[in-house]
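Consider the two complexes below, in which chain A is the common component and chain B and chain C are the respective partners.
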Partner chain A sequence: MKAVFIFALMTLRMLFRRRTLWGILLVILLALGAISSVPNFDVSNQGRFILDFGLFGIEIGALLLALGLAANLYPRDRETRTLMPLIAVPLSRWQYLLGRFFGAALVQAAALLVTCLGLMLILLFHGLSIPNDLLPATLLIIVEGWFLLSTVFFFSFFTSPPLNWPLTTMLFVLSQMSVAEFVNVLPSAPGLMRAVRMILPHADVFHIKDPIAHGFEIEPVYFLIAIFYGLCYSIFMLSLALAVFRGRDLK
Partner chain B sequence: MSEKPPIQVSNLSKHFARKRSIGSIQAVSNISFDVNQGEIVGFIGHNGAGKTTSIKCILGLLKPSEGKVSLWGGQPADAEVRKRIGYIPENPDYDDSFSPMEYLTMFASMRDLSGVESDWMNLLARVGLTKWETTGIRQFSKGMRQRLSLAIALQSTPDLLILDEPTGGLDPIARKEFREIILEENKRGASIFLSSHILSDVETICSKAIILSGGKLITEGSMKELLGELHLYRIVSISRKTGQEVEEILPEPDLQTRIDSLRKDNVSIIKIELALKSLEDVFMAATGGDHK
Partner chain C sequence: MMKLFIGITFSLIMLLFTGCRTDYDISEVAPQDFLDSESHADHDHAPGEACTHEEVLLDEHVEDPHAGHDHAPGEPCNNEESIGEHVEDSHAGHNHAAGTRNHGTQWFFNQPWAAPFIWGKLFRDGAIFLTLGIVIFIITGRRRRK
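The block that comes next holds the complex of A and B.
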């Protein structure tokens, strides 16, 4: 695991030095700033509005970060031939995959925490209190981000980055849909649609922005179950990615 | 019991599926050869002959369609086997945002090597990258990237060096330095497998050569076998009576007798020179000069 750790640090350094990260982070922070500047009717509504849209912005940020950071990692490594000396000698394929994933996951988590900090500052700027569950809610979005990241890695082993973006975004949208919404897409085959929905990820478990915005307390056990679910799904997607990667010829 | 050869390739074939059409491209077809301990083996062939594909099969980057590759009797994917290999890929490249020193430090940690920073400084000096240790690789020329690649390959003092066109982007002086380092490594005990287009490099340093053409192994053997055991000499003489110029090529044992006879016949000798058969001659003869 030492090689994975070192390679993850190498990936982390590399991603911090690329402009993509800072560009996406700037866009998310500007979007949060824009949300806070929307005029509102009264103070309690404004707090809900900022929290609701702020957490939604952070969630979209998780998707953008997953795609922006990882969609091009493996294709670029192949294109620039950086991959060959790595895979040929010091790293095996699973070490490469995990190293790249952990590096990108740490960068993504750090960036999302910065956006959470941005949201806190906006709340304070408007004289509003910071809800206790804001940080745990961001943690859940980070776990969702890791799941999205593992999906991006999975697609990156057999599609180009321009195709990875719509595929991951499509899975992200589908994972937000409830069973009823999903069945409505093809009402003639409700059984099939229910089965497909069961297999697809349920990203709605990561969303607690509405209860937080309305001041409801969230049970700690809910966080643990949601995190466990997210991690299990990420491991599943990474296993699929590794199976695809192992079967690939590195021409 | 003695260790198995560093590289054993038996009946290796590799074909790739064609994109958007039926059938496949046969990149390598049923080749077999060994690289024994301490040998420097040249692997030569024109573009598309199957050299890089074979090397990637040897390293486990490509899965052979048929046949077997073993390194010291083990699989290319074995961690213990990989620890003993140094590899320079064709046209190597590295992430631009790092410096050579950062790369060497990270590679050393990944490979669990015991060296310290001063070791890597010396290594970079050895490959001619003194004063460039902390410069971003984005500022490096192709030749400098090749040098960094050599440093990374040498970092673990490997038992086997697999070099895929290592001198491709280098000027003559850098090529000479490269050759010297390869010879030093061989003297240390490393076996070398050198794929190259530059036949003079192979001829200068290799003890054995393997010639590929169209994915097939055309011929292999020691340099002596390929170039011929005997040195040949070219004598150019001119008859004082007729003024006719004559050129002869003779094996070394017959040389003195012929010189004596020419002198006796009152023939002026204009030039005596070595007429060695070059590897290029062997290569052209073996492949028919084809570029298939």
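The block that comes next holds the complex of A and C.
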């Protein structure tokens, strides 16, 4: 695991040097600022609106970060031929994948925490209180971001980056659907659609913006179960990605 | 080989757990008391009958908009107005405590954070995906070594 740790740190430094990260972060923060600057027209509970849309913005930010950080990693390593010497001696393929994943996951988590801080500052600027569950809600979005990151890695091993973006976005949209909505996409084959939906994650597990915006308390055990679910699904996607990567002929 | 066997057996046992369906929405697997909670204060249903609380409250007033007032013979009834009166009044006779189900809030309470009966299923799904991940990792590693 020491090799994975060192490679993850290398990945982390490399990603911090890239302009993509800072560009996406700036876009998210500008979007949060724009949400808060929408006039409330004397409607009460403006804080509810800022929280709801702010957390939604952070979630979209998690998708953009996953794509921006990871869609290019493997294709670029292959194109610049840095992949061959790496997996020839110091790293096995699973160590390469885990190193790249952990590095990108840490950068993504740091960026999402910065956006959470941005949202807190916006709430304070408007004289609104910060809900207790805002940080745990961001933590759940971070876990959802890791799931998206593992999906991006999975697609990156057999598609080009321009195709990776729509595929991951499509999976993101499909995983937001309830079973009934998903079955309605192809109502003539409900059994097949239910079976396919079983493999997709339930992304609504990570969404707690509604109760937070309406001042509901959430039981702590729910956070643990949701995090466990998200991490397990990320491991499953990573193992699928590794299965594809192991089968690739890199010559 | 033994790890593989244990992994697959474990996944199958988890899939056969009571209450397991191919996949589910919260509204599909919710117990009746969860769907009914706090919305039946002033009306009853036959067992198994679906609740259409909003419908009951609105329709019982709308269907008979002349119940609370009389007209002189030949006097036109300002029907729309009276319907409006009754619709507005339909929520006047009862209150919902904060945090309980209310009219049209099913979408809000049919979310995983509000449905503790789904948490066990989530845990089970997580365990299945974890086991499948480990099994795939082992199988693809073995194939590569061969």
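Just so it is clear, the second predicted complex is superposed on the first by the 247 of 251 C-alpha atoms of A that agree within 3 Å, B and C clash if a C-alpha of one lies under 4 Å from a C-alpha of the other, contacts with A are read in each partner's own complex, and residues count from 1 in each chain.
Everything that follows uses one rule, which is that a contact is a pair of C-beta atoms (placed from the backbone, for glycine too) under 8 Å apart; a residue touches a chain by one contact, two chains touch by 3 or more.
From a predicted model like this one, the values you see are computed outputs, not experimental measurements.
When both complexes are overlaid on chain A, chain B and chain C end up sitting side by side without clashing.
After overlaying the two complexes on the shared chain, residue contacts for A:226 are found with chain C alone; chain B is out of touch.
Once the two complexes are laid over each other on the shared chain, residue contacts for A:132 go to neither chain B nor chain C. Contact comparison for chain A: of chain B and chain C, C touches the greater number of residues. When the two structures are aligned on the shared chain, A:87 is found in touch with chain B, with no touch to chain C.
Using the contact criterion defined above for the overlaid structures, shared-chain residue A:160 touches neither chain B nor chain C, since it reaches no partner.
Touch criterion not met for A:184: it reaches neither chain B nor chain C.
Superposition on chain A leaves chain B and chain C with their closest Cα atoms 9 Å from each other. Note for the complex: chain B touches chain A at residues 16, 56, 59-63, 77, 79, 82, 85-95, 97-98, 102, 106-107, 109-112, 149, 152. Taken in their complex, chain A has these residues touching chain C: 94, 178-180, 191, 194-195, 197-198, 202, 204-205, 207-208, 210-211, 214, 216, 218-219, 221-222, 225-226, 228-229, 231-233, 235-236, 238-240, 242-243, 246-247.
Of all the residues in chain C, the ones that touch chain A in their complex are 22-25, 28, 99, 108, 111-114, 116, 119, 122-123, 125-127, 129-130, 132-134, 136-137, 139-141, 143-144. Only residues 2-3, 6-7, 9-10, 13-14, 17-18, 80-82, 84-85, 87-92, 249-251 of chain A touch chain B when the two sit together in their complex.
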